[in-house]
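Which chain is which? They are A, B, C and D, in the order written, and residues in each are numbered from 1.
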Amino acid sequence: MTATSPPAESAARQMSYAEALVLGLRRALESDDRVRLMGQYFVGLTEHRQLVADLRDDFPQRVWYPPISEIGYVGAGIGAAISGLRPIVDIATASFIFQAFSQVVNEAANVRYMTGGQTSVPAIFHVNHGIRGGGAAQHSHSPQAMIWNTPGLQIMLPSTPRDVYGLLRTALESEDPVFWADHVKLFDVTGPVMAQDWEAIPFGVADIKRAGVDVTIVATSYMVQRSLAAAELMAADGVSVEVIDPRTLVPLDLDAILASVHRTGRLVVVDECHRSCGVGSEISALVAEYAFDALKCPIRRVTALDVPIPFSPALEAFVEPSEAKICAAVRAAMGSV
Amino acid sequence: MSPRLRSSELVGQLRTMIRIRRFEEALIQLSESQDVGHFHVYVGQEATGVPALALLQPGDVAYSTHRNHGHLIARGVDPARMMAEILGKATGTNKGKGGTLHLASNEHGFPTTSSSVGGPLPIAVGSGYAFRELGLDRVSVCLFGDGALEEGAWHEAINIAAVWSLPVIFLCENNSLEALGQKANEYPSSTLAAQRLTDLVRPFKVPATAIDGADVRAVHREMGRAVRRARRGAGPTFIEAWTVRWAGSRPIWPQLVTGETDVAYAWDDTAIPPDHAEWFGRQDGLLRYVRDLLAAGRVTRADVVAIDREARAEMAAAVRFALDSPYPAPEEALEDMYA
Amino acid sequence: MSELRTIDAIRAALDEALASDKAVCILGEDVTVGGPFGATKGLVERYGDWRIRNTPISEGTVVGLAAGAAAVGLRPIVEVMFVDFITLAMDQLVNHAAKLHYMSGGQIRVPLTIRIQGGAVGAMGAHHSQSLEAWFLHVPGLKVVAPSTPADAKALLLAAIRDDDPVLFLEHRGLYWSRGEVPDDPADAVPTGGAVTRRTGTDATIVSWSRMAHSAEEAAVVLRTDGIDVEVIDLRWLAPLDIEAVLASVRKTHHLVIAHEAVERGGVGAEIAATVAASAREELRGPVTRVGAPFAPVPASAELEALFVPSVEAIVQAVRRSVGRPAAAVG
Amino acid sequence: MTSLPPSPPDDSAELLDLLESMWLIRAFEEKVSELYARGRIKGLLHLGIGQEGVAVGAASRVGGDDVVFGGHRAHAHALAKGADPERLLAELAGRSTGYCAGKGGSMHISAPEVGFVTATGIVAGNIPLALGAAYASVVGDRGIVAMAFFGDGAGQAGQFHESLNIASLWNLPLVLVCENNGYAEFTPLSAHTRVERLAIHAATYGIPASTIDGNDVLAVRAAVGEAVQRARAGGGPTFVEALTYRLRGHYEGDPAKYRELSELSDWKARDPIARYTGALVDRGTLDADGTAVDRIERNARERVERAAESALAGPIPKPSDLLTNVYASEPA
């Protein structure tokens, strides 16, 4: 496939992540009468916003723009799911989830368990996460690590147009709540999507985004893209990097990660969460425990630094996990054999 | 009495009220002999919950709070399974995973119960939203105490219900009437700057009324209006039901400070313990209802005594069932996480 | 020295802080009557109902209010009744209190202490029993401390109050009534941070905090009878984390087990394990093993709850696994 | 019409100060808009062009020790409280010479030295903070007043309600200034609530509340003046709802297609600066020939130009600045 190839029957089409995402939402609305969109910032304030506006024009009764009442409308999404709808609730910028945290982690996550399995909450909670450029401390969060410490929610972190499209279908068909985070910088990423069909990508199946033999990188969301770019640079240096994208943290395909580490003996975890108690911490800890003997060198973590995200572009660039930092970690892993 | 209700329905509500009373008394007595953990009882509020929830149809949902026992019994949940849940047994409504704070029975229209103050309000609004969107002629009732109005969640929830005109009934059981703030070793009462709770509702253009929650007829009337409004798509209603807090619910751990309720107090003032004359003589909605039905000739004293005897026996059996039930198997702790 | 219950030690620290600094005040639900566990009992009589301030059930706003008061010069202590209710205040905690200092480029200080109790005790179910410290470690700008003894409860609470940053002071409900020796003297300035070694050993290190630190010590006793000599470190402060103390111990024992009551997945144990595995890999002679709660909400049934909380036996097994001497081998 | 006081104070200098302050803010925001379009300023930028009357009228009645908390559209409030345009612009441009040394940016301005404590990027997030400052004033017996500015979108947030309740219960010296510009982000208020006037909420909590013309700087000044006086006298909180309009989109780059052009032109005709200028000319404080007005505008623009020039010449923060200020007392 090339970017210029025209759309064809049952052929992959090149499209942006934002288009694939909104196409997924459209398929959801078309395929299931119970689906409602609650929110309007699925692709943030990017130039792709019009795509969501178009959806609302096409489904005026099923796309709702709630007030700035996160605790109110997120809770309403839970109740709606309990009572038979399939709400896809957009919390917009991930930092705002803290306004609704009690509903997401205390209510949605617990309902099935607390009721001994009687009641389901088939709701999807969507956020735009990550360091976006000038978002500063209150618009740059990646809350997935905190959510991961909260049993009861499934966590979906797509990294490509194809994945967001396919994972959304699985999320929609799940009887349990899903936390779905898109990185703001993914919206412009393009890639092939089998747009004619809407094939589900199962949860808990990691995807080897690039095969390699020297070092394993585990990354999620936009960090997959960064890692692929870094892997490309490393290939020029003769280092063969494998990039594994778990795609969902709950359920987690630990076997795929362990298998790759057994092949390469080296692991770099790339994660845009803060370092302390981040997603990278858990993945490192799991591999350190279950692949202890396979490791030829210490596991390295490339994460956002442990500071609130600063506003200034100069500081922001320093905080985030960059290609250069990933390459440095890979080199260090190779050098320490 | 409400002319629209047949005698059998009136007596049925009386039976439910007595059963709730005996359930809670049995639980308090059980707690004296063994550790059942912390719990909250519905004693003194039966005259609100029973007539209010009697107006619901199968398919309607209700979301309750930490003080939920009476609500569940009112909609037909088996007290034995509730008692078992409170004791953490495998036979409980939630298989031991919810406990008293989270008693739920989906088949009876209690999908989940939150013990987070204000927690259920947005969720109830969501069910109302689903009913509207699914074109279902159903109602979502949110039951909460006056303290929930101190939470921002309440404000966000009623605003959305109002602006989207959802079939939601906000039934606030205000049992803090006589108190403001907390007294030593007692439960707190609401600390709200509003003169009347209903004042807080009016800006949203949601009809709001305050009624005597121990007056079955008033509850039935206002709740009936609210249900009809909701079903015809006219939006939410707010009802504040005033109740006097039962003395046994003032301590942090419920106690039978008034002794067991004797239904004969309804017709024999001399039997009422002098220390609790005001409660049993005038405030207790259950006894008021018995007196009303007797005065209207809908029941006889013998009927009441017979209903009570059955209720006592039922609750004794419920306690036995709960005690005899097994605890869940350890590995069940990991079940019911995901569908 | 006096023998005090933890709850009394906490009250003593509050009293001392209020007496020595007029900027200290307490806000929370029912604090004038002592709160649900009596931590603030009797304080309103001594300090008045402005410094000991009852609030409505408005967790989010109360935490924000305290941060605002701290920003302009007070040193507030907020009591949040159950750690589970901090979910209602996460915006004010994460987006405001933790960041005001940084976002202002250091112009504003937020000397705020949030006292908050949790733990799976008393069959209270999923909304009243959690251990959420990992969330707070993931928020730069917050400090986190979790004492395990009455003496620490007093000293560390005073340190938290006197610290110029927002501190989460995590109390374990199951420790409130346990007793211990507490120094009577007004505590001198106690520094923020620092772990303590509760028991020295040479064969393996158990790192823990709060109630689980006691289980770790019990596990060490059991393991001693098997000839495994265990060192027990009580971290006390989780942020800042005294990783040097952990690394020093690992350099000696070469085996590490981390035990905590919080859910294992995404817990603080992951951070410690990841750090040690990266920084001291050559010192390790076995995998770093973690003991934490299973991936489930806290069940209400007392029997299920008891299974949910990691047991002494689970810690014993983890140590055996790490040192390569599984239970079967030892009998 | 902009209402002049029934018996105008004979203090022309004070009246002219208001106009100068409004022009400074207007010039500042127009400059910032231009720099943003040229890529010299990054991030999310929310401008309040057209709302200057509220910030200036309100700030003109608070004292130097009183404290102000802004929201995400807070440049005007900081400037009106006396913030230095150069350091503010440097902050917007992410310079280490900015108020927050580049760590805050447009949404998190903090200038405590002039009583502007902080702003927030979370709708309604600053109201509890201001509430706390008012509480601190009472506890410390400091006699200062706290003021929060927020938009109509905040009225649907739970923290708004919780704060009104507590402010009223505790009778705190808090002035709540709601800039009701009719739009919460991209949505008209009517789609977000059936409540037409947010002041009604305040009244239900027993808080004196009024709804005024926010494009009339003197009306704002009068209402807030009364509120500050009440707060200082121990009379508790006041809620002032100022009706106004932002002439730009929600943020720079927002095409604002959700509103009618006629609505925009109606409000342009009620531009607070032009109205106030007209009123001052009518009462003779300003000459009708416009030279004085032109001079005020020119001075403001020149001041902002100078500020922008030196702000943008300021240094970019160093990587070593990154890890400072996470904690006040850095962990050992």
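In this section, contacts are C-beta pairs under 8 Å (C-beta built on N, C-alpha and C of every residue); 3 or more make two chains touch, one makes a residue touch a chain.
None of these values were measured; they are calculated from a predicted model.
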Exercise for the section: Kindly list the shared contact partners of chain A and chain B, in label order. Expected result: C, D
Exercise for the section: Just grab the chain with the largest centre-to-centre distance to chain C, centres being mean Cα coordinates. Expected result: D
Completion exercise
Separation of the C-alpha centres, chain C versus chain D, in whole Å, is 41
Practice task
List the centre-to-centre spacing of chain A and chain C in whole Å, with centres computed as mean CA coordinates.
Solution key: 31
Handout entry: Where chain B and chain D are represented by their mean Cα positions, the distance between them in whole Å
Key = 47
Practice task
Please compute the C-alpha centroid of chain A, do the same for chain D, then give the distance between them in whole Å.
Solution key: 37
Handout entry: Per-residue overlap in chain D, given as positions that touch at least 2 other chains
Key = 100, 102-104, 108, 120-122, 125, 156-159, 162, 165, 169, 191-193, 326
Practice task
Identify all positions of chain A at which a residue touches two or more other chains, and write them in rising order.
Solution key: 67, 69-72, 95-96, 99, 102, 106, 113-114, 136-138, 151-152, 306-308, 310-311
Fill in the blank from the handout: Listed in rising order, chain C residues that touch 2 or more other chains are 55-56, 58, 60-61, 84-85, 87-88, 91, 95, 99, 102-103, 125-127, 140-141, 239, 294-297, 299-300
Handout entry: List of chain A residues in touch with chain D within their complex
Key = 40, 45, 65, 67-72, 95-96, 99, 133-139, 305-308, 310-315, 318-319
Completion exercise
chain D residues touching chain B in their complex are 156-162, 164-165, 168-169, 191-195, 200-201, 204-207
Exercise for the section: Going by the contact rule at the top, pick out the chain A residues touching chain B in the complex. Expected result: 34, 36, 62, 64, 66-67, 69-85, 87, 102-103, 106-107, 111-120, 151-152, 154, 174-176
Practice task
Under the touch definition given earlier, write down the residues of chain A that touch chain C in their complex.
Solution key: 71, 95-96, 98-99, 101-102, 105-106, 109-110, 113-114, 136-138, 141, 145-146, 148-152, 273-274, 276-282, 284-286, 288-290, 292, 295, 297-301, 306-308, 310-311
Completion exercise
In the complex, chain C touches chain B at residues 29-30, 32-34, 36, 54-58, 60-61, 84-85, 87-88, 122-128, 294-297, 299-305, 307-308
